[in-house]
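The following pair of complexes shares a single chain, chain A, combined with chain B in the former and chain C in the latter.
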Partner chain A sequence: MSRHHPFYLAAILAAIVIPPFLSDYSLHLVIMVVIFAILTLSLNLISGYGGLISLGHAGFFLIGSYTSALLSVYQGWPFWLSMPTAILLTATSGLLLGFPALRWTGHFLAVITIAFGSIAQLLSVNWVFLTNGIDGVSSIPRPPLPGISLTSNVNYYYFVLICLAFIVYLMMRLVASGFGRALRAIKDDETAAACMGIDVAVTKVSAFVISAAIAGFAGALYAHYIRFLNPDSFSLDVSIRIFMMMIIGGTGSIAGSILGSFVVYVLPEVLRPLQDYYYLIWGVIVILVMLFLPGGLISLGSVLRAKMAARRDKLDPQVGSTETLS
Partner chain B sequence: MTTPLLHVADLTKNFGGLTALAGVHIEVRSGTIHGLIGPNGSGKSTFINTVTGVIPPNSGQIVIDGRNVAGLRPNIVNAAGIARTFQNLRLFKAMSVLDNVLIGEHRHMGYGLGSALTMRNGEAERHVKDVAMGLLADVGLAHRAEAISGSLPYGEQRLLEIARALATQPKLLMLDEPLAGMNPTEMDRVVAILRRIVARGVTILLVEHAVRVVMSVCDRISVLNFGRNIAEGSPQEIQGNEDVVVAYLGRRRHVA
Partner chain C sequence: MFFQLATSGIATGCAYALIALGFVMIWNTASVVNFAQGEFVVIAMFVALTCHVTLGWPLWLVLPIAVLIPALVGYATERVVIRPVIGAAEMTVVTVTIGLQIVLSDAAKIIYGGQPYSFPPLIEGRPLSILGIVVPRQSLVVIASMVVLAVGLHFLSQKTSFGKRLRAVSQDRETAKLMGIDVNRTIAEGFALSAGIAGVAGVLLAPIIYVSAGLGLPLLIKSFIAAIIGGFGSYIGALIGGLLIGVLDNLVGFYISSHYREVFTFLVLILVLLVRPQGLFPHHR
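== the complex of A and B ==
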């Protein structure tokens, strides 16, 4: 861990210092990166640590966004009330989706979660009385904050950045807790975990509920940032994108979730001038990561170091390296 | 006579057309090492799997400490007081040695999800770590605490399985061939560990092929063949039992 500190420190400094100097468009990108980083962290909790696939996270994102938006626009609720309500409702939907996850894993669970995301999107299109259908919800207010106006995008950026820091802290606590350990044990060997007294059902469903709650929080942050919602923003594409962010950044890694969100959100924008070649290059990058970095981009450093150590060991067979956690 | 710690009666398990257990009965008395032997495929592992809830039995009673746990989920059976190891090692391979033991302690941790979120688990975490380190020291693995469990040599993985099971604080520990693949020195080490475990009040059900060890450490022995009890008794009685010899050698000695 300590070897990464200079890198992490630089990244945190950059995230704090640079944004005020960015163009409006670039600032928009980094705000979206932060919101997607929260979504990716939420997916990583169930997939990276718990080994459960979800391709329905756009569904949680949608429920969080719409709940907070509708309550504040049509009911006049302040953000500080509509946002927790959004989290609560999304957590409840996570509870419902958690039960299928007890029976099904792998491909089956992937399909079930895709269905969940599609149903959520369909309801947002068809329940016109509630969601205003494809016309969407507009004039969503920015959250009120005493002394600071969040109507400025720079300020909103810092607002979501603090939210991200809070979620990162929460995730670190969760992962290091007995709960996180139980989740990793279930991913490794469910039967053995159960024989050691772990309640697999409760642990899995709890993970789904927490993951959904965090995604719902991201949804509320998004709704009050973008200020206009319609069902198009919550397609299967979005779920897949969150999934890609996790895989590319690093499955089971908190820093990887953030790196993955940045790369997957920003790289396409950087490559856009290349037009047709863009898909080619993007595709090649994804395949390279999948083939050579199963731990995602975040593992690049340690993989290179291990390669170099292996080479050293070959030259000097006296010195073996033992695998340890630190 | 006191009631047994584990009382299993009429335990039956069919896999499709194959009857792995056909009305097995076994009683394990508290404070003993009870051997369970039999030729390959006689149903020993299936016995442990059904008792611990890994696979549901077709019928039968499994009473631990007065409570019928037949067909209950493995975590409930564990809470009722039965822990186990696996014949084909099933450690949490990606996790550290210490974390494997901490998983065993999970059910006893004084903190859960709530306190993880309210950030009040530092003290509790230190306590469970101390307990885990003590268990690792008992099996001679304290110096390996930070290693990835999957990277340990085979014999040490077997020892870690024992420490992890003990961390659940069982009344009864079921060991499925804990000596498999070990050399005589390692075997002696495990035997010493088993004796210490029993001395602390944990009862052991030992499934094992190493006949020398079974005969020397077990108080009583049950023998299975083709999913049925064929003998039960002290090591001396089992050694002299005609049916047992036949089961192992596969033929009947000529009796004049």
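== the complex of A and C ==
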């Protein structure tokens, strides 16, 4: 970890210093990157650390967005009240989805979560009385903050960046805590974990609840940023995209999730000159990363170092390297 | 009306059943959940469309080509992208097949655009009336093809050496290797076979639904659910699960609401998993 510190420091500095100088469109992109980073972190908790595949995170994102948006638009609730309510409601839905996760893992859970996400999206289309259907919810207000106007996108960027910092801090604490260790133990071997006295059921369900709550938080941040919601923004594609962000960045790594969100969100924009072909190339990149860097982009440094060490060993067989061991 | 709807549901159900069958076959032989399975269906549809509608080739020539090409693509994808990740972490494998799905569906979109195309019926003629139920000839073709294919596959897996290799590999890859079976080759051939089956489903589906580049993922999810309802890993379960989903889709669409069609499919999935998690026809390894 300490080896990377200069990189992390530079990334944090860049995230703070650069955005005010970006164009409107680039600023929009980085705000979305930050919101998706929070979402990816929430998925990483259950998938990266807990080993449970979820392809339904857009469902939590949807519930969080719509709850906060509907409460503030139709009931006139302030953001500081509608956002916690959104978190509470998504956490409850996470509780509901946590129970199937007790019994099923792997591809079964993948389908159950796909079902959850799809049901959420279909209901948001069909429950017109509640969600206004495909016409969507518009003129969602930006959160009020004394002294600072969040209607400016630069200010909103710093607002979501602080939120991300808070979530990163929360995740680091969670992962290092007894709960985090229990979660990883379950991922490695459920039976062994149970034998060590870990309450598997409680740990898994709490992981789902916390993950859902964080995704709901990201949803509220999204709704009050974009100010217009419709069901299109919460399709299966979005769930898959969040999943990709986690995998491409690096499962079970906080920095990986943020890097993954950045790459997956910004790459299509970089590839835009290729027009129609960019999604295809994106698919090829996904496959290549998985074939050559199964640990995600975040593992690039250590993989390269191991390769170089192995090469050095080959050239000079007398000297054993310790690099590969670490 | 009930029987009318059920009969027309069986036709689409047959296609779901075949896709689910190929999907389960890949799972059994290679332990790969193949999210790109639906794309093999789409490939077959577009090959058929190009050869039959655009080039005007006769059906007897078009159909084998439309089944063969997805089989070749299936074989090639196994060799190039799936083989390196067989035995890797499940999430890695899933991601690779999702990547494959993105590549194949987007390639279709680049070539054919996003718009739907209609495909002429495989067989001409007025619908038949059986016991007061109007059955389009097309549906009969679909049902008959599925029965023939199911019987043929059963024969293939029980009597031929390829079928025996396939079963040995799905039962225990290590032991199969010890018995002198070329596991890699068997898995690649299994991929080709299952992509070919998906191709048949594509050819049968093309006249029933509009052909479009975005069909792969929805079809995959339908048949994934069918496979789970039937009992994941079981071939007969995949077939019956597919039929059930097809019929249910039609009945819900008519009696309840076409808007909630999908919701019900998912609810049935959750219900089956709660009440009978091993599926209707449990698979014993």
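The rule we apply is simple: the second predicted complex is superposed on the first by the 309 of 326 C-alpha atoms of A that agree within 3 Å, B and C clash if a C-alpha of one lies under 4 Å from a C-alpha of the other, contacts with A are read in each partner's own complex, and residues count from 1 in each chain.
Here is the rule we go by: contacts are C-beta pairs under 8 Å (C-beta built on N, C-alpha and C of every residue); 3 or more make two chains touch, one makes a residue touch a chain.
For clarity, every value in this text was computed on a predicted model and none was experimentally measured.
Enquirer: When the two structures are overlaid on chain A, which partner does A:L170 contact: first (chain B), second (chain C), both, or neither?
Expert: first
Enquirer: Check the residue A:S47 against both partner chains and state whether it touches chain B (first), chain C (second), both, or neither.
Expert: second
Enquirer: Quick one: classify A:D188 as touching chain B (first), chain C (second), both or neither.
Expert: first
Enquirer: Decide which partner touches more residues of chain A, taking chain B and chain C as the two options.
Expert: So, of the two partners, C touches more residues of chain A.
Enquirer: Once the structures are superposed on A, label A:V125 by its partner contacts, choosing first (chain B), second (chain C), both or neither.
Expert: Second partner only, chain C.
Enquirer: One more residue to check, A:W77. First (chain B), second (chain C), both or neither?
Expert: So A:W77 meets neither chain B nor chain C here.
Enquirer: Which holds for A:G197: it touches chain B only (first), chain C only (second), both, or neither?
Expert: A:G197: touches chain B, not chain C.
Enquirer: Does the superposition put A:F179 against chain B (first), chain C (second), both, or neither?
Expert: After superposing on A, A:F179 lies in contact with chain B but is clear of chain C.
Enquirer: Per the contact definition in the header, classify A:S206: touching chain B only (first), chain C only (second), both, or neither.
Expert: First partner only.
Enquirer: Note which residues of chain B are touching chain A in the complex, please.
Expert: 52-54, 73-75, 77-79, 83-84, 86, 90-96, 99, 102-104, 106-107, 109, 111-113, 116-117, 119, 121, 125, 128, 146-148, 151, 164-165, 167-168
Enquirer: Can you name the residues of chain A that touch chain C in the complex?
Expert: 47, 53, 100, 103-104, 106-108, 110-112, 114-116, 118-119, 122-123, 125-126, 236, 240, 243-244, 247, 251, 276-277, 279-280, 282-284, 286-287, 290-291, 294
Enquirer: Mind listing the chain A positions that touch chain B in their complex?
Expert: Residues 170, 173-174, 177-182, 184-185, 188-189, 191-200, 206, 322-326 of chain A touch chain B in their complex.
Enquirer: Which residues, counting only chain C, touch chain A once they are in their complex?
Expert: 27, 33, 81, 84-85, 88-92, 94-96, 98-103, 106-107, 109-110, 217, 221, 224-225, 228, 232, 259-260, 262-263, 266-267, 269-270, 273-274, 277
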